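Per-chain numbering from 1; labels A, B and C assigned in written order.
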Amino acid sequence: MTLVKIDKKNWAEGLKAAADAYRLYGPVKGKDYHQFKALEKGETPEFDMVNTRLSPKALLFPQSEEMLEYSLDESREDHHIMKAVARDNTPRAVIGIRPCDAKSTLLVKLNFDTPEVKDPYWLGAYQNTTFIGMACDAPLSTCFCTTAGCGPYHEEGLDMLVMDRGDAYLAKILTDKGKAFADAAGWKAAADDQAAFESGKAAAEARMVSSIKTDNLADTDLLELHGAPFWDDIAFACLNCGTCTFSCPTCWCFDIQDEVHGKAGVRMKNWDSCMFPIFTVHTTGHNPRDTKTQRVRQRFMHKLKYFVDKYEAGIMCVGCGRCVRQCPVNIDIRRVSELMNSFKPADACAVQG
Amino acid sequence: MQNPYLPYPVRIDDITVEAEDKSLKTFTFVFLNEGDEEKFAYQAGQFAELSIPGKGEIPIGIASSPVEKGFVKFTVNRAGVVTTHLHNMKVGDIMGLRGPLGNCYPWEALEGKNVLIVGGGFAFTTLRSSIVYMLDPANRPKFGNIDVVYGARSPGMLLYKNELVEWEKRDDINMHITVDATSDPDWKYNVGFVPPITEQKAPPGGDDTYAIVCGPPIMIKFTQPVLEKLGYAHDHIIMSLENRMKCGFGMCGRCGIGKELVCKDGPVFTLDQINKTPREY
Amino acid sequence: MVGYTEKIKEIASRLLKECTVDMVIGFRKGTMPMMNEPCFATTPEAIDTLVWDSNCGINLANYLTNRKEKVAVIAKGCDSRNIVTHIIENKIKRDQVYIVGVPCTGMIDKRKITGMVAGEILGVSETENTIKVQTADAETLFDKAEVLQQNCALCIHRNPVIHDEMVADAVQEQTDVDRYADIRKIEEMDSEDKWRFFDDLLSPCIRCYACRNACPLCYCPTCFVDEAKPQWVGKGQDPVDVRTFHFLRAYHCAGRCTDCGACERACPVGINMRLLTRKLEKDCQEQFGWEAGLSLDQRPALDVYQANDPGAFIK
């Protein structure tokens, strides 16, 4: 691990140099919020924000992604034979991802990169990407990363962590990929200011006001929690829209769809959501999660219980707070996790009794 | 990196209409590319995605048996967009096949044991695969008694009728074929729903006997208490679940029942395992 | 509207105690500034959480669809018009719903206010005519009128049109409101500009369907975008499919939309899809003299045929 000091006047220069070797992505302000996008030549990421409104998950898991292509033209020898769509596998770098979002890539990786099967689209994009993180010095009141397995200076999932020191950036190079990027950007001025990171981290963590408790989730019986009495109350307001799942950096569910234009067809992956009734409906019309309550329960149980039990890697949430901020009816995962974590099956019996 | 979304190209080699109402057809596929059949090595109980360019994919249990070579077979009920299209396809048409997917029946645990198979309707497909597998001369000695209770609405709705007749003649498998009702005066098998026929004909449960149950939800609902009564423990009752699926290998997220994914951790579960999940299937 | 909360609690408590209804649907205080959460109350504890202020923008008629029990609902002007529409469209029976009318002075625009202050908003409080916004460094006082949701600023039916009981005396209705200035601007564009305008308007859409799901009119068991047999619309991010969704949804709301603003309020990416529904509202008014949800006794414009219906559009 090395520390590098980047004079702010060398920042844009460095990115410009790196752009020769990398496709660069970063947060840019649109009409009224920031979003990750491919940076045009000379464009620099904009950090006058705490985080982007939607998570950067689309960089690895686009909302719509063509996977396979085929022709239905029977005069062609290869008609009806599916082929993988060619992809741009040249290196790219995401500049200014927040530590919470970087951590989320590791949780999502558990789904797409398994011992038995690997998703070549997600994993290909992941492997080609260098993650340059920007430490988060002013977390929002709805952020709870420090109690969701990461923090404003968390390093997991990052190749380089950059902090803002006013007139300069201080970068901590965490991996070989991070080193290669620093070299490409010409950021070489060694620094010896580890203490700055320590104090920056402590100050940022001290600013956190939200927290969640998750310590009892693993030991609570799955079926008891599933049958807990609070789900109807939590779910009542829910519109069953996809705002929470689509803005969540860790939600990975998708649909597979064929689309044909003329004789040319593609098979694509589209974001899907456990909030949508058709997500689970059988061809017969039977729907195992037919009610709003069942779907809301699925979302929170997946994040806070099933994932916990399945992977023993904590909760499927990094505390970015997007679902809290975006939910049109204010369903708040902090409140739900409190109910789930403090749930005692015996209480339920007492109430019923 | 192998692409798990990419199907093997296959050609429809044969189509057999199975049911009198034409809702069920058995499709035999051959692989277009040499070597793909070996890559598609499967075991009885697994499923695959039948993949029709332009229409989509549908997960279907593999009806052929690993001991049958040169082709794979699927019996498909016409229900949704993909299966309706498939029913209209012809011999010689090209499509895709993705798999094998999911787990299989627990063949290692079943070795040396008696096996009771209880099937209803068109869910008999992977059970056919299993029966053909167990009756293969190389495999038959590995199993104890084999009993099969198989029912359909009417004689004309029974799948694989020629094979049923052949199995009926053998003495190393006890067939208990039944129909809900029939007006055929020559019908020489059972009449009645699967659960009561199971109660009358099935061997008692025990450490050495497993039941594999596949059928419509209503059949499963009423068969379960019968098996319990017959002494089958929940970890000796094996079921194959269905849920809406897309990817088939545990990534797209929709088929979850608690932390288990029906496509990857299943579709085969013991009742004991199912009892530990929220029953969202 | 200051003071409504206590009155609502009082009414809810009485309705439940006297078994007039099985549940009361209202709002409880949210976990964030400018957010309240729709909730139901069946117990005294739950009644105690009920609130009313300028952050109750979600349309509670949305929670009445196909309900079996007898419910009381706290309804502002627009909600009451959607309840009328619900009753006309047989989504709930009149005698099944007890309408607690709220004379409304408008809901505040969370996104607008967020854009008007620097830094994160940590608290918002209100008086009858002012909104006080607190950040870590500053306190800013706004006239409520300047931070209303646009639909509330344009609202001409603030008082419930149907009710069983009122929370307070009627408020004065706004007059001299030009409801369609922005719509006329779009109407005046040439087709290329219109194309660009709508392209720009809808390009942020992520198809989360929050607009549709927040809308009390969108109660179809299977929405046309979700229909698989036949599949009308592609499910990806192709702009054609995205536009098809928004345009068709707007048409499905023609003559029914009350401009409650729930759709725009719910949108996570800030799309003003009300521009589409209000154009149709304007057409309905101009061509049929129809305003949605004002009376239980009249059939909606698109429900009836009259020989003198305007026909110029098909020429």
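FYI, a contact is a pair of C-beta atoms (placed from the backbone, for glycine too) under 8 Å apart; a residue touches a chain by one contact, two chains touch by 3 or more.
Everything numeric in this text was worked out from a predicted model, so none of it was measured.
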item: Distance-maximising chain from chain B - centres being C-alpha averages; value: C
item: Comparison of B-C and A-C by number of C-beta pairs in contact, larger one; value: A-C
item: Approximate Å spacing (C-alpha centroids) for the pair chain A, chain B; value: 39
item: CA centroid of chain B to CA centroid of chain C, Å; value: 50
item: CA centroid of chain A to CA centroid of chain C, Å; value: 31
item: For chain C, residues contacting two or more additional chains; value: 228
item: Contacts with two or more other chains, residues of chain A listed in rising order; value: 255, 257
item: Per-residue overlap in chain B, given as positions that touch at least 2 other chains; value: 80
item: Footprint of chain B on chain A - complex, ascending; value: 67-68, 70, 72, 79-84, 111-112, 114, 116-120, 123-124, 222-223, 226, 252-258, 260, 265, 267, 272, 274, 279-284, 286, 288-289, 294, 298, 301-302, 305-307, 309-310
item: Chain B residues touching chain A - in the complex, by the definition given at the top; value: 1-7, 9, 32, 51, 53-57, 79-80, 83, 93-96, 217, 242-244, 246-247, 249-259, 264, 276-281
item: Of chain A, residues touching chain C in the complex; value: 30-33, 50, 53-54, 63-64, 140-142, 233, 236-237, 239-243, 246-247, 255, 257, 259, 268, 270-271, 273, 276-278, 324-326, 328-332, 334-335
item: Residues on chain B engaged by chain C in the complex (per definition of touch); value: 80-81
item: Residue ranges of chain C in contact with chain B within the complex; value: 228-229, 231
